[in-house]
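One chain, subunit A, links the two complexes that follow: it is found with subunit B in the first and with subunit C in the second.
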Partner chain A sequence: MVCATPRIPIRDKPWLDWSNQNDNIMTNSNNLFIEVRNLQTYFYLYEGTVRAVDGVSYNIEKGKSLGVIGESGCGKSVTAQSIMRIVPTPPGKEVGGEVLLHLQGPNGPQIVDVLKLKADSEQMRAIRWKEVGMIFQEPMTSFSPLFTVGNQIIEAILLHIPGTTKKAARQQAIELLGKVGIPQPTRLVDAYPHQLSGGMRQRAMIAMALSCNPKLLIADEPTTALDVTIEAQILELIRSLQEEFGMALMYISHDLAVVSEMSDDIMVMYLGRVMEHAPMEEMFNNPLHPYTQALWRSIPKIEGPLARLQTISGGLPNPYLIQKGCPFFSRCEKRIPGLCDGARPPLIEVSPSHTVSCFLYDSQARSKVPTEQPNATQQSATQQSGVS
Partner chain B sequence: MTTMTSPNHAEQLSAIAQMEPLLEVKDLKKYFPIQAGFLKHTVGYVKAVDEVNITVQAGETLGVVGESGSGKTTLGRTIIRLYEPTGGDVLLRDGNRVLNVFELDSKQMHIFRRNAQMIFQDPYASLNPRMNVLETVGEPLLVNNIAKGRDLEERVAKVIQQVGLRVEHLRRFPHSFSGGQRQRIGIARALVVNPKLVVADEPVSALDVSIQAQILNLLKDLQAQYQLTYIFISHAMSVIRYMSDRIAVMYAGKLVELGPKQDILSHPLHPYSEALLSAVPKTTQRRKRIVSRGEVPDLGNLPAGCVFHPRCKYATEQCRTAIPHLRTISPGRTVSCHLADTLALEGI
Partner chain C sequence: MLAYIARRIVTLIPILLLISLVSFLVIQLPPGDWVTRQINTLKLSGIQVDEGEAMRLTKMYGLDKPISERYLTWMKGILFDGNFGWSFQWNQNVNTLLAARIPLTMAISIAALLLSWLISIPIGIYSATHQYSTWDYIFTFIGFIGLATPGFLVALILAWVIFATTGFSPLGLNSSQYLDAPASWGKFIDLLKHLILPLFIISLSSTGVTIRVMRANLLDELKKQYVITARAKGLSELGLLIKYPVRMAINPIISTVGWVLPGLVSGEVLVSIVLGIQTTGPLLLRATLEQDMYLASSIVMILSTLTVIGTLISDILLAALDPRIRYGGTAK
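Up next, the complex of A and B:
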């Protein structure tokens, strides 16, 4: 029984050293849990088509964590919803790509393309919660107000783990609530969502996501609605549970610092595309994409020297317009006119673990552009600083 | 004028401290009644702001930081007299005279409103969707009898350009602007009367990260240009660090610590400040946090003694029974903690 793993009190957990864990898990393809290849999720709206996710590819290995950073509207949540097949359809639709889950089937390992399953099918329901669990941003709206928290967790257990009795499921729900740090779980299992505070509700949400022991936990901005001290509690909790259950984690946030604390790898998204993908430390010490660099410079830091923030000029382009070239072109300081606005930059592998989608690192494409490089960049930079 | 990176910052601050303060907040209290039953009789009070004492010098930025429910927004709104206080005084210096804000009648309030303005958190909720930019930004001039007609339009056009919008935006309505642009309209509305004091209540928390920097820099530039004094309210410590000269830390309606920015960040005196700094996620290194247990207490039913003691790892018997009062530890640094002299707390 998957849920009957020995329970260790969370509070006694020693600090989890990520670097050691990384050494233990060898990087090989057998360890892959999820492969997303060229995922495209579009929203067909009255005003036009929004390419919310436009050709996104990434892998997450078992037990590893991927952080997804981006501003609102960059498609980071829709990427996750596509894995769970909970994109509201219509207007949304996964129009292309593959989401491959490496599952342990009854006859050994098997690979399932989630996008080929029907969203409301029995197989998809078997994957949701049981293989992939999800924590949502606003814990108030993700619980039904009409049922007690315990009721909803018990329902998930009964649905996904056949053969569980109601009594055992209730016992398990109480155990889980205790595990995520809810005081007096035997009493609060019968509480309605509105009776819990924001932090407690998010803990209950986590308990529900973990109820069927998923292999991948998707956390979509789970702490955005919470205060800093509560946020710290929830982050510690997710991290210790990830270690304990050996789950893969996909952590979505607009907060760079939070993502950096939670992730082994970081993926930066902009307007439905992956701009850069690198290990956490590499991403912070050596960001390559002009968007990543600009984002890093524009954020107030809590440590280090205090310099004037460098702003990214302009705003997000109209999402209904189809970008022929790089979506960041209009705001980029290092843009190469004639190249960046004409074609979509390819994903370039700078090192085996570091990929970036930018023509600056594509010497072949750059050599074909006749205009002088440094001049062009300088000009655009001065133009940029003129616009506030 | 203060610059944030200069080494003689402390000297400048102490020089400022010797001047007459622009704003004095004395024992400010704001209680909201809790009403119950059919007859709505009052059964208790939510002490949203309780005995807060702050002075603000001209030209400085006081950052007010705290979690939700700490009373930081109520403090800002009561200082600007959007709420009527339960007790205490707010004194604002206007030239040679001092305005006692809570004793002004409606006529004299115009004088106060010319001197003190507010920038609100949510740029989507704080603008009237049926008023265009000219009407929105011009309204403070109109209601305070400062300008009208042609003159008003010229002043609005000037301030609109200063906040980074264009004259052709004047006739447009809020729905045609992005969040960042709306916040610029909100800033223009506050600045159009040439105030001395601006209370900015979480002005960037509703904005995207790449837009936040634009607004923060704009606020800093305007401050340098017009010698504005800011009370900058935020829950984000990194934003407070970027904007402020001094920091006031609030918890459960009480001011728990007040001092120069660098002192508070590197050597906090109150355990709550330490927990708050420790909780802030950092990009540079992963280290063990001091995770404070529990949550912000119910403001209608505060714990006895120090409000922070149920979450404080240093709490002693004294903390459970006796309420700590604000006291000065060193010049410019006040804290309300019984143990402030004995604890050596970690900053950033």
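Up next, the complex of A and C:
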């Protein structure tokens, strides 16, 4: 097993003393901000239905961070968009599940299921940006080119913080721009997006996302379009602002090293399903799902001789096909024919905070296999190599 | 911004001079002139014209002088006296002829342009935001019909239908009882009634085009990240639609103002002839047929000048709308 060496050692690792206080991640709700339960978001296309998110559950506590990893098309962005209800509809639709936000209502705490709200309803619009902010993948296009950066930040402030004067909102926008490290914010507040560089625009985007003090910040691959130096700066910035503002953070990326830098918990997704969910340390030291293990093996190592990186054999299965069993079955090295392709693997809690969706850790299901599986020798061989 | 406009206006001067030269030459290109054409007509009707008479006429009209001299005389008249020359065919000053028609032509064209925008931009927005809905298909169908049907045909059909069903003749500008009547409220109302049909028909095809352009542009814009950002910010759907993607999607429509103006002026020739409206279109057609060179050249030149001015207006509007154009212009 390979332990990941983060590509960019940005800062000390506070998550090392991160101790898991919850006995059960589903029940400790005092400190929860968001609970996603069995979320299903489907896209109804001419070619068929794509189950972009197919039964995903996770929680994020206030002030904590969750990293979401997966290949392109695994549903990580759609998961986030479903929270904001900005999945393009049609063709997309949240068809099932719950997204519960623990909000501070006027009469005390309040739990709102955003999937029950209409996407363009007043309540939903009040949640967007005020409770959940978002940074997008492409800083080049996330601002409208026709208005100044300041105009677009001020717009959000005026919309969500009633009673703010234009002047105060402008002052606030300037402060935010200064906070995210934009030089001469009093001048650049009146800059048009095309006058800023990509890194600057992403900083401005972060400033805009923070403008209404959201409780949860979703960062959807915010550094994909940026070069490595700028990426390091942006990550550092998000991390420090998360602490300063006490926000929860959902960090979506396909970059394992980056996610390890950013997250307390890590969730690995594949084809719209959660494969494994564990605290960051645990996930890197003890990955259980064959998919996670394969991902970890594909990380380049800094130490040791140069060697060819291991890839995951095969390609993503056709997203239009409905998988009866485990979606990773066709590429899995440790698959159990007859079991893994027959039924959906259950989510197994191997330790209080570590869940994995794989039959390898379901001794009950595995014990039944030989009776269902005619080719017993091949299967036992698979099992032997599978369990380490 | 002011510097940008000033610079654009200065660059217009050589373009306009070139336009005047081309307009003049194009009309001179066909063999023969007004006199030879008149003599031919006389000969065809059996009247003998002797050479001396032909020479005398040519000299009288100044057609014996070289082209360059005639051009300079014409331009001198326009630039210093505002005199566009003499129409042989009407035996009138070109200015008088145009003064009677250009205001009406411009009024119809601009009204038709505004009408087509008024109809097509909201429909285009609706079609794009409700892509593949029933109404989108209905509007698309109507748009294509408007685009594909020749205006004069629609004019003929509608004129007949209106006359057959209501007994009201939409031809011409005024009903016969008002033709020689002094200006009055009744006459004005009568004029407006007569203008509805031409306006509708002239704006028909450009409406079809604009619906398609608006729909396609907006569909492109709606997929852009900044729209999703605006939605994620919690803006209302209508508010964000108008502030962000629509503002971007109308850019190409505004940039075509330049050639929509003369297009409307010349495109309505057939419609004007069919409906009997005295605009510059039929005038230009007759002038070219009769080789009434000063009249024809003047109209061509004025239309071309309108194009250039229209382009200038659309560029200024674009610069006002889109900061990228504004700043790109002053940076260099």
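A few remarks follow.
As a working rule, the second predicted complex is superposed on the first by the 335 of 388 C-alpha atoms of A that agree within 3 Å, B and C clash if a C-alpha of one lies under 4 Å from a C-alpha of the other, contacts with A are read in each partner's own complex, and residues count from 1 in each chain.
The working rule: a contact is a pair of C-beta atoms (placed from the backbone, for glycine too) under 8 Å apart; a residue touches a chain by one contact, two chains touch by 3 or more.
Quick caveat, the model's predicted, so the values are computed rather than measured.
In the superposition on chain A, A:D255 makes contact with subunit B only, while subunit C stays out of contact range. Set side by side, subunit B and subunit C differ in how many residues of subunit A they touch, and the one touching more is B. In the superposed model, A:T292 lies in contact with neither subunit B nor subunit C. In the superposition on chain A, contact of A:Q40 is made with neither subunit B nor subunit C. When both complexes are overlaid on chain A, the residue A:S142 reaches subunit C alone and has no touch with subunit B. Look at A:Q323: by the touch rule set out above, it reaches neither subunit B nor subunit C.
When the two structures are aligned on the shared chain, A:T311 is found in touch with subunit B, with no touch to subunit C. Once chain A of one complex is fitted onto chain A of the other, the partner contacts of A:K130 are limited to subunit C, with no touch recorded for subunit B. No residue of subunit A contacts both subunit B in one complex and subunit C in the other.
Those residues of subunit B that touch subunit A in the complex are listed here as 4-5, 67-68, 164, 178, 180, 208-214, 216-218, 220, 235-239, 241-242, 275-284, 286, 288-289, 291-293, 295-296, 348.
Taken together, the subunit A residues at the contact with subunit C in this complex read 84, 86, 120, 125-130, 134, 136-138, 141-148, 155-156, 159-160, 192, 194-195, 205, 208. Contacts from subunit C toward subunit A in the complex involve residues 224-226, 228-237, 243-244, 247-248, 321-324, 327. Taken in their complex, subunit A has these residues touching subunit B: 15, 18, 71-72, 197, 199-200, 227-233, 235-236, 254-258, 260-261, 284, 294-295, 298-312, 315-316, 388.
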